[in-house]
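Labels run A, B, C and D following the written order; every chain starts at residue 1.
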Amino acid sequence: MNTQAKVTEEKNFFQQSTNKYTGIGSWLLTVDHKRIGILYLFSMMTFFIVAVIFGFLIRLELIAPGKTIMEPQTYNQLFTLHGIIMIFLFIIPGLPAVFGNFMLPIMIGAKDVIFPRLNLFSWYLFIAGGLIAVVSMFLPGGSADTGWMFYVPYSIRTTTNVIPALTAAFILGFSSILTGLNFITTIHRMRAPGMSWFKMPLFIWSLYATAWIQILATPIIGITLLLVSIERWFGVGIFDPALGGDPILYQHLFWIYSHPAVYIMILPAMGMVSEIIPVFARRTIFGYNFIAFSSIAIAFFGSLVWAHHMFTVGMSDTAMFVFSFLTFFVSIPSAIKVFNWVSTLYKGSISADPPLLYALSFIFQFAIGGFTGLMIGVLSVNIHLQDTSFIVAHFHYVMFGSTGFGIFAAMHYWFPKMFGTMYNKKIANWAWAITTIGFNTLYFPMFIMGYLGMPRRYYDYLPEFHTYHLVSTIGSWILILGLIIMFANLIKGMRNKKDVAPMNPWGGVTLEWKVPSPPPMENFHEIPTVTTGPYDYSHYELAGKETK
Amino acid sequence: MTNSEQHTEHSEHHTEHKHIVEYGKYLFIWLGLLALTGITVSAAGINLGNWTIVLALVIASVKSLLVLSIFMHLKFEDKVFKIFVWVAMLTFAIFIFFTFLDYSFIR
Amino acid sequence: MSSVTHQIHRDDYGSRMGMWLFLFTELILFGGMFIVYAVYRFIHQQDFHLAAQELNTTIGLLNTIILLTSSMTMAMSITAIQKGNKKLAIALVIITILFAFGFMVNKYFEWSAKIHHGIYPGSPDLLSKPEGQILYFGLYYVMTGLHALHVIIGVTILVFNVVYLWTGHTNSNYFVKLENAGLYWHLVDLIWIFLFPLFYLIH
Amino acid sequence: MFTSSSNFSNNVDAVFLYVVVLSLIVLVGITIAMVYFVIRYNRKRNPIPKNIDGNLTLEVLWTVIPLCLFMSMFYFGWMGYRDMREAPSDAMPIKVTARMWKWDFEYPNGLKTDTLFVPAHKAIKTDLHSVDVNHAFFIPAFRVKKDVYYNKKNDLWFRSDKIGSYDIACAEYCGLNHSMMYTKVHVMEQKDFDEWYKQTSQKAGIANK
């Protein structure tokens, strides 16, 4: 890690470690939440790049019908790993583990999270899980080819290394639980004096809601995957239909977690956007309470709708009715958020810096993801669209187009705070434009071909879908070009010692902008006392009136 | 401190509770638990049809309530702990209830 | 902790809160299996009824009593340390550990009897039974097995706590570790409170 | 769209279009508002922001109006699905067996084929069964789909009024050749179908009933 050239009388967290070790040891044994956040950032990005490469190869294979560059078996393994890595190693930990870890304590005015050693332990679990997932590729038998859903009985029958993949997901789930547990307790116990629940930044609200889902839903997937492992290992009859088991029960259990997991992914990104928009519009957020409560509402309703992933399995009519009905309810709080964000731009004083641009892309793409979600929430339409590339496009719009772009927004927003330097804004703007165009070119055609009947997870396809696949693959190249520019720009910004970032480059008013960039080891010398709400920009308004 | 809710939560930092439960109380609860176990075992012998399982679960719930509130000191903890436990129970209830929306009504 | 100034601030209340949150994940973990149990029992009423008759209620009852008693001794050890009675506290934790061993010994005999009778996952005897019974015994092994694993983890935690008590790390002013170990131990008991009637008493 | 190749396709397409149009209106609205605000209230043009905390009327409006629209979507979806779930009693039953990675069809008289032939204007009820892993029986043109399980009886029905050949795909991932699990359904006039049925059955040594 390069040390920072910023001249301050005080050492920042890069220069001062929490333990007696120097060099790598000071990082691997650190209990400082900021260093752990940085550890997460780099390990997560590594996994992200790996999974992007897999995605790129998958798209390349699909550029034309028939075999292009790989065998069907390889293809099946690649999309499985792409899913496992992206979901468990990038999107779920992305905002909470990286930016939550780094920013949560600072934003609530604390010196660290409440259980710093547990925090480091979570990171080790994350790394262990990630390594198992990646190493399973190279074991004899090859990596799992089941899809990230591990549906039984295929996951019991296949000869590939399913158990390592299941174990990886189990360990990663455990890591996620411990992070959630840490955050809830930290938020309850360590808020600075005066920071009541309704003076908390909205990012913290979203992390709080997320953490509850992490704690209460993740164990279900843990036990379910464990049961499949046990079934494979010992031949115990649990889900295997040949032994009387019920594959649909597996799907219920899987989605009891995995649907709420969608909210684990999206909620922090929503919180992120709620942070960014007021800062760049220099005005208070529109409808703070509604945004805060809609996070909780999403967490609650999100746990009631899992079986809308299963409308074609032959469930009872009652279940079909109730799950479809409630699915529409979960879209209400999301809609409320979108309307409030757009209203926050109204009469602001807007500076279209890279973080805001990414946030606007988020809103646009999240809207598309949400609307297509409505389409597949409609029962009769769902029957047709289930398991087609329409679904693939829908969830990529939500997971990548929204959460992924939320992560990018967070990177550009907090970059100067984390590293104390600045990236090149002009290049960042270009990267934003290219990634946004690339993303939409990549995934939008999938909606059309999905409706025309292109099933998902297909190695080969009928000639009539060729054009859409071709456009989509070209989109993937544009997207990757944008990502390369973005990462290169950020890495260059990190190494750049000239462009020292000020304490508060964007004019934010939450607590993280009141500590130096990068923050010192214990964040605050004195715990601040909070007296105003998190988005109090009245000083800009007042200053404007005075000059008049 | 500007906020009263904040105040109560944080004052806990310093005046850490030290509620001591006497040995006798534990012994009493233990006897109760044994008695309930006895009831559930003997009730299992009587044929009550579908009510057997309901009775068994009700007794088990009473037992766990005793363990939770006395052995695990939930009775003496802050309100927020009790809310947490209810949230967890509610979540599990939702999971099982909604799963049975499928299984109870299957054609 | 380190020599540098980074202090981990003490918050017993927060520690207990974290422990409770962790217990919820454990509860839901077993909850997932209870969902599986409930669904299969709903589908295969008769088979579950028949299969349950093959379990030994006496051993199950004995283990229930053992766990309930160990829960009491565990809870009492906290009272003891709160009153500053170090020796009694240590003795009570050790008694709890001994009960746990008793539980495991019982479990060992129970399982080996089952295996001796040819009922274990994948055995020809079991596979020749109706589907509902295969599922019953599958769940029986997995659920009681996972519970037994928790007993073992609990014992490990308790052993550490004996050391903490011994060295005075845990004392009448600082006993949150013992409290949290106790919470974990009671959770193991809680789960058994449900496992016992569901597997042994549904004739 | 609107090929009306089965009794369901028109309805599904219409409901889909309904949601698409509503969504497009809102999406365009949101996007235009966003872009307009960013330009109109740019810092250069509008250096002094105005703080607005919120507006209860607006919040209520944008909760209640979407809720009503969503409920209408739910209603149409449920009505459409209701028609799909129960086959008419005079439907012709055909057994469908899925295996890695092909489909088999068995007609009432025992005749087996690997391609589905059905008469037009007649309700067809397929009884779905898998001999190995999960599959899903999917006829995109007919807008119907149902998962196929080893130990669960699922069925699916449709009626096609349009002569022609349509693809049948497997929509639930089932391993190596999942993407090659294609076959066809041929919809024929009743008399052509009867002819085909009789001849093929005789060829297969099955006496037609």
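Note that in this section contacts are C-beta pairs under 8 Å (C-beta built on N, C-alpha and C of every residue); 3 or more make two chains touch, one makes a residue touch a chain.
Note that the coordinates shown come from a computational prediction; the quantities given were computed from them, not determined experimentally.
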Chain pair with the most C-beta contacts = A-D
For chain C, which other chain has the most distant CA centre?
-> D
So what's the Cα centroid distance for chain B and chain C, whole Å?
-> 16
Could you grab the centroid distance between chain A and chain B? Build each centroid from C-alpha atoms only and quote it in angstrom.
-> 35
Whole-Å gap separating chain C and chain D, where each centre is the average of the chain's CA atoms = 48
CA centre of chain A versus CA centre of chain D: separation in Å?
-> 31
Set of chain B residues in contact with two or more other chains = 13, 80, 88, 91, 95, 99, 103-104
Multi-chain contacts in chain A: which residues touch at least two other chains?
-> 188-189, 216-217, 220, 244, 246, 248-249, 252, 256, 317
Multi-partner residues of chain D (at least 2 other chains) | none
Listing of all chain pairs that touch each other, if any do = A-B, A-C, A-D, B-C
Chain C partner contacts - residues on chain A that touch it in the complex = 16-20, 31-32, 111-112, 114-118, 177, 180-182, 184-185, 188-190, 215-220, 222-224, 227, 230, 234-238, 243-246, 249, 252-253, 256, 521-522
Given the complex, residues on chain A that touch chain B span 188-189, 191, 193-197, 212, 216-217, 220, 248-249, 252, 256, 303-304, 306-307, 315-319, 322-323, 531
Inside the complex, what are the residues of chain B that reach chain C?
-> 12-13, 16-18, 20-23, 26-27, 29-30, 33-34, 37, 40-41, 44-45, 52-53, 56-57, 59-60, 63-64, 67-68, 70-73, 77-78, 80-81, 84-85, 88, 91-92, 95-96, 99-100, 103-104
Can you name the residues of chain B that touch chain A in the complex?
-> 1-3, 5-6, 9-10, 13, 80, 87-88, 91, 94-95, 98-99, 101-107
Over in the complex, which chain A residues touch chain D? Could you list them?
-> 72-73, 76, 145-147, 151, 153-154, 157-158, 241-242, 244, 246-248, 281-284, 286-290, 312-314, 317, 320-321, 324-325, 328-329, 331-332, 335-336, 338-340, 342-343, 345-352, 356, 360, 363-364, 367-368, 371-372, 374-375, 377-384, 386-388, 451-453, 455-462, 537-538, 540-541, 543-545
